[in-house]
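The following blocks contain the structures, represented as structure tokens.
Below, chain A partners chain B and then partners chain C, in two separate complexes.
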Partner chain A sequence: MIPIIIDIVLRTGDIALAAVALSAGYSLVKFPNIALMQYATVGPFLAYLFASWGAPLVAAALAACIAVGLIAVLLNITVFDRLLKSGSAIAMIGSLAAGMLFTAALLVTAGPDSRHFDFPVEAPLNVFGSPVTGPQLLAVAISLAAFVLLAALLFLTDIGRCMRATATNPDLARATGIDARLVVRVIIFLSGVLAALGGIGIAVKGELNILMGQDLMLPVFAAAILGGLGNPMGAIFGALVIATAETLAATLNFGPLIGKAFLFIPANYITAASFLILVLALLFRPHGLFVNEVKRV
Partner chain B sequence: MMVRISAWLTVGMVAAVIAVPAKADIAIGAVVPLSGASATQGEDQRRGIELAVDEINAAGGVLGQPLKVIVEDSGGRPPSALDAAKKLVAVDKVPAVIGEYSSGITLPIGQYLVQEGKLHVNIGSSSNKIRDIGPTAFSVIGLEAVSSKFSAEDVAAQGWKNIVIVGPNNAYGHGMAEGFKTEFEKLGGKVVSTLLYTEGQTSYRRELQQAAQYKPDAFIYSAYGKDGALINREAFELGVNKTPWYAIYFSMCTADSKPEYVVGQYGMDLNYIGPDGKSYEEAYKKKYGADFKTSFSGYGYDAVKIFAAAANKAGSVEPQAVKAALIEVGKDYPGATGTITFDAERQRSYQPYLKLKKTETGMDVR
Partner chain C sequence: MSEFALHVATIAALYAMLALSLNLQAGFAGLINFGQIALFGCGTYGAALAFSHALGPLAGFALGLVLVVLVALLFARLGRNLGADYWGIATLSIGEILRTIATNEIDITGGAQGIGGIPALFDTGSPLSGRLILFAVVLAALIATWFAFRRLTQSKFGLSLRLLREEPQLAAAFGYDLDGLRRRIMLAAALPAALSGFLFAHYLTFVGPDQLFASETFVIWTMVVVGGLGSHAGAVIGAIVVQCLFALVPFAKDAFGLPSEFVAAMRLVLIGGGLIGFLLLRPQGLIPERIGGVRG
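And now, the complex of A and B:
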């Protein structure tokens, strides 16, 4: 039981930051930005690059997050804002194309090989009888800290109140004197930072390669939609649901059900779990599990 | 006017080129992965070839002419490898081509060469399908059938009864898993599960967690460098490495892994060097200033040497003549990688292997 819980927590951490970024971005800029998955790939690569120049990991990660945040703002001003005028579907396809450009750029510069942050080898810690590594704890801590900070920003600060007001009713918000453009830029910047941070969390405890973003796409979209697109805190819950489904599908032995000793779902097919949840969510709760709360400020 | 002059010039130049007698060198071709995922092994193969050429030419060459081996890069990709083989046959007009490393590439270039009536010598692939390439194809490296028997006996000798096999989901992985299972079950062992993973993933955690639930006596695995490194790391992180791990082709599985992750692993590997290979080992160290990088250089060396011996015996480099001579020479031929004897299908019938164990200080021969 304990190993399953640990796996669920780790997997939630993988998915949640990018899902929150997607949802937060959507709350103000009404299209699902697929390029976010690539921000989650570019982030760790930049951090890896800065670290290879000798920067300490924390500084490298911070610089990478800020750089990705700025890229996100820049892309939004130059590309997505214009595409959005033609409709959200156009903007979404544009973001898919932008994402492909990122992949191509990484393929040319970094190459197809995977790499990882070079931590010294340490024996895993024993957490209630299950092995957990230092980098895994670090990744979970990064996610938790990011959620707490984001919640504090959204619910305790002025800019947070402005964001929520703009998200709920942009016209009314503008009428009350909120600078909507500034608010949008702040949230786009934050979504870039969060996506990059999510990618760095994954890379720290595993590998980084150019396919990371692609692997994230499905579970992240499923989590964000489940939590209600535009509801960042809902996305965390969505991520928890997806992570639980994936982990159970991966680790449960279905053999006894059909009278055999062992039967596992092959690991390659486990992403189907998020597909299934996505389809069910779109069929029955297309606006997410918490649809009523999204409308409230 | 200019046009006419340059036209005449061109004709003159072509005539001049034709007038020069054809180069006296005897050339054969080689296709190895000098770039891509197996570049380390490919470079080692190239070094073996280079050393053999130096040695042969110092001793007077082939049929009194200097020998040349034209080495082409396969990039680890079947299409590039096939293009390289076509270039060697069509442009360089070589009678024989040696190579490649990966079975999935050796098969198509071997088939192409046999179609063209040229000789092919396999120096790095172990799939049993290599046996069926055709009448002018040879192997100086033991195929899966030979290695599975060896590793199954070695695993059984450790007292392990129930095992899980882990390997890549490709031609090599399927062949390895099936070959090992057949041989191991003959010895009374049981393969409780075979787990073939998709290559190039960013995590093998789930595969490993599933495999661990079978609670086997040991894991038998084979993986290419980078995948092997990640599997070994995650097995260590999950504590799955507390069960013994046995590597098929140890140097391939662990080349990119940190030693801490693979200490205690058992395994088998190609014998780097046979009883007659000492002078080769010294020549390698002298020329490249280092020990062998992988276990694959000796096969490139042996392939070139045995070809030269056969051509000298045949008194010709014509493929059919060399083929007949190769079958004669390939009887207890003292190669650097041990004695080479071809079976009726021109495959190496016996291949010495090493039994290894990784310890804190290095690799021990068991």
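And now, the complex of A and C:
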């Protein structure tokens, strides 16, 4: 049981940061930004680059996150804001195209090979009888710290109150003197930082390559939609649901259900679990698990 | 060299059919389909499965049609209560699920190795003349699709499609059956996509899941956006332009002595850059949609 729970927590950490970033961005800029998945790829590559110049890992990661946040703001001003005037679907296609340009840039500069962050090889720690490596613990700690900071920012500070107000009713927020442009920029910056951080979390545990973002896309969308797009804290819960479904699909023995000794879902179908949850969620709960309202989306 | 030109022309014509199909959904009805390649895959796998079960190409075409009708109806059903961007994500994930199935049901689909050795449709002794005949068939299918779609969009049905795109709530208030419209448009668009897949399978003689990556859908999207959303001629011209540029990439690589990653990167830049560039600077595309002049 403990190993399953640990797997679920690790996988939640993988998905949750990017899902929170997607949801937070959507709360103010109403389109699903596919380029976020590439922010999660560019982030660790930048961190790797800074680290290879001799920066300590924490400083390199921090600098990479800030750089990606700035790229996100810049792209939003120059591209997505303008595309959004023609509709959210057009903006989504634009974000997809932007993501392709990122992949092309990485392909030319970094190449298609996988890389690793340089960690000294250490014996795994023993957590309730299960082996957990140091980088894995680090990744979970990064995610938890990011969630606590984001929640504190959203619910305890003035700019957080402005963000929530603008997300709920932009016109009213503007009428009360909130600088909506600034609020949007802050949240886009945050979503870039969070996505980059999520990518770095995945990369320190395993490897980084240019397909990371692509592999992340559907699980992250599934998590964000389950939590209700635009609800960053719900996205964490959505990520938990997706991670649980994937882990159980991978580890449970379905044999007894049909009277056989063993029946495992083929490993290659496990990634399809999140796609399936996504389709089911869109069919029955397009506003997320927490919303009962019947409304067109 | 002329064989290479024939190859590019055949592929461009096959993609033009896919672009016409996507343009009917996205350009006219406003349905943002990110799973277009799945419709194409129904056609390719229909042909491949019929071949691997020793059935003739006719059975393969019929099988492709059955598959594509099922997928198109599923897409239309999903579109019932989803906004455009959500529907895009839903169709994208269905496309990925179908690709996962094609990759993993090794006993049926041959898995990642795919199914090879599918015979050419026209065996005339010399491979070149067979390919010429196939190109003529593809061209005829493309022209037939073009005319059928033009008739469709210039009819009253076409007007209701544009109403569905622009003002869905108004359309519902006028008493249009939006679900029925979506269903019919998906079916109409699915047929040429499957036909294109069927001809593609018999042209390339190989079918595999690598042909069904989501990125292929976005190649078709680029063709439609570059040509002009809501313009049949635009979709065809977009397909020709993009395929010609793709065909030039390897030559450019050789001419400048660039590494092989350049080809993949350049394709991405062409698609991504084409999409963003046109969406930002010329959203109406090369050949803008003609507004008006249609009497239902």
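As a working rule, the second predicted complex is superposed on the first by the 282 of 297 C-alpha atoms of A that agree within 3 Å, B and C clash if a C-alpha of one lies under 4 Å from a C-alpha of the other, contacts with A are read in each partner's own complex, and residues count from 1 in each chain.
Throughout what follows, a residue touches a chain if its C-beta (ideal position, glycine included) is under 8 Å from a C-beta of that chain, and two chains touch if they have at least 3 such contacts.
Being a predicted model, the structure only gives us computed values, none of them experimental.
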Margin query: Output check: A:87 vs chain B and chain C. Expected answer is one of first, second, both, neither. What do you get?
Written below: second
Note to self: I'd like to know which partner A:272 touches here: chain B for first, chain C for second, both or neither.
What the structure shows: second
Next item on the list: Kindly classify A:177 by the partners it touches after superposition: chain B alone (first), chain C alone (second), both, or neither?
Entry: neither
Next item on the list: State whether A:262 touches chain B only (first), chain C only (second), both chains, or neither.
Entry: first
Checklist line | Partner, of chain C and chain B, that touches more residues belonging to chain A | finding: C
Margin query: Contacts for A:250 in the overlay, against chain B (first) and chain C (second): which applies, first, second, both or neither?
Written below: first
Note to self: Let me test your reading of the model: by the given contact rule, A:108 touches which partner, first (chain B), second (chain C), both or neither?
What the structure shows: second
Next item on the list: Could you tell me which stretches of chain A are touched by chain B in one complex and by chain C in the other?
Entry: 268
Next item on the list: Give every residue of chain A touching chain C within the complex, in rising order.
Entry: 31-32, 79, 82-83, 86-90, 92-94, 96-101, 103-105, 107-108, 111-112, 218, 221-222, 225, 266, 268-269, 271-272, 275-276, 278-279, 282-283, 286, 296-297
Next item on the list: Provide the residue numbers of chain C that touch chain A in the complex, in ascending order.
Entry: 30, 32, 78, 81-86, 88-90, 92-94, 96-97, 100-101, 103-104, 215, 218, 221, 225, 261-262, 264-266, 268-269, 271-276, 279-280, 283
Checklist line | Residue ranges of chain B touching chain A (in the complex, touch as defined) | finding: 37, 192-193, 197-198, 200, 202-207, 209-210, 213-214, 226, 230, 236-239, 258, 260-261
Check: Mind pulling up the chain A residues that touch chain B in the complex?
Finding: 3, 7, 113-114, 121, 124, 131, 133, 136, 202, 206-209, 211-212, 215, 250-251, 253, 262, 264, 267-268, 270
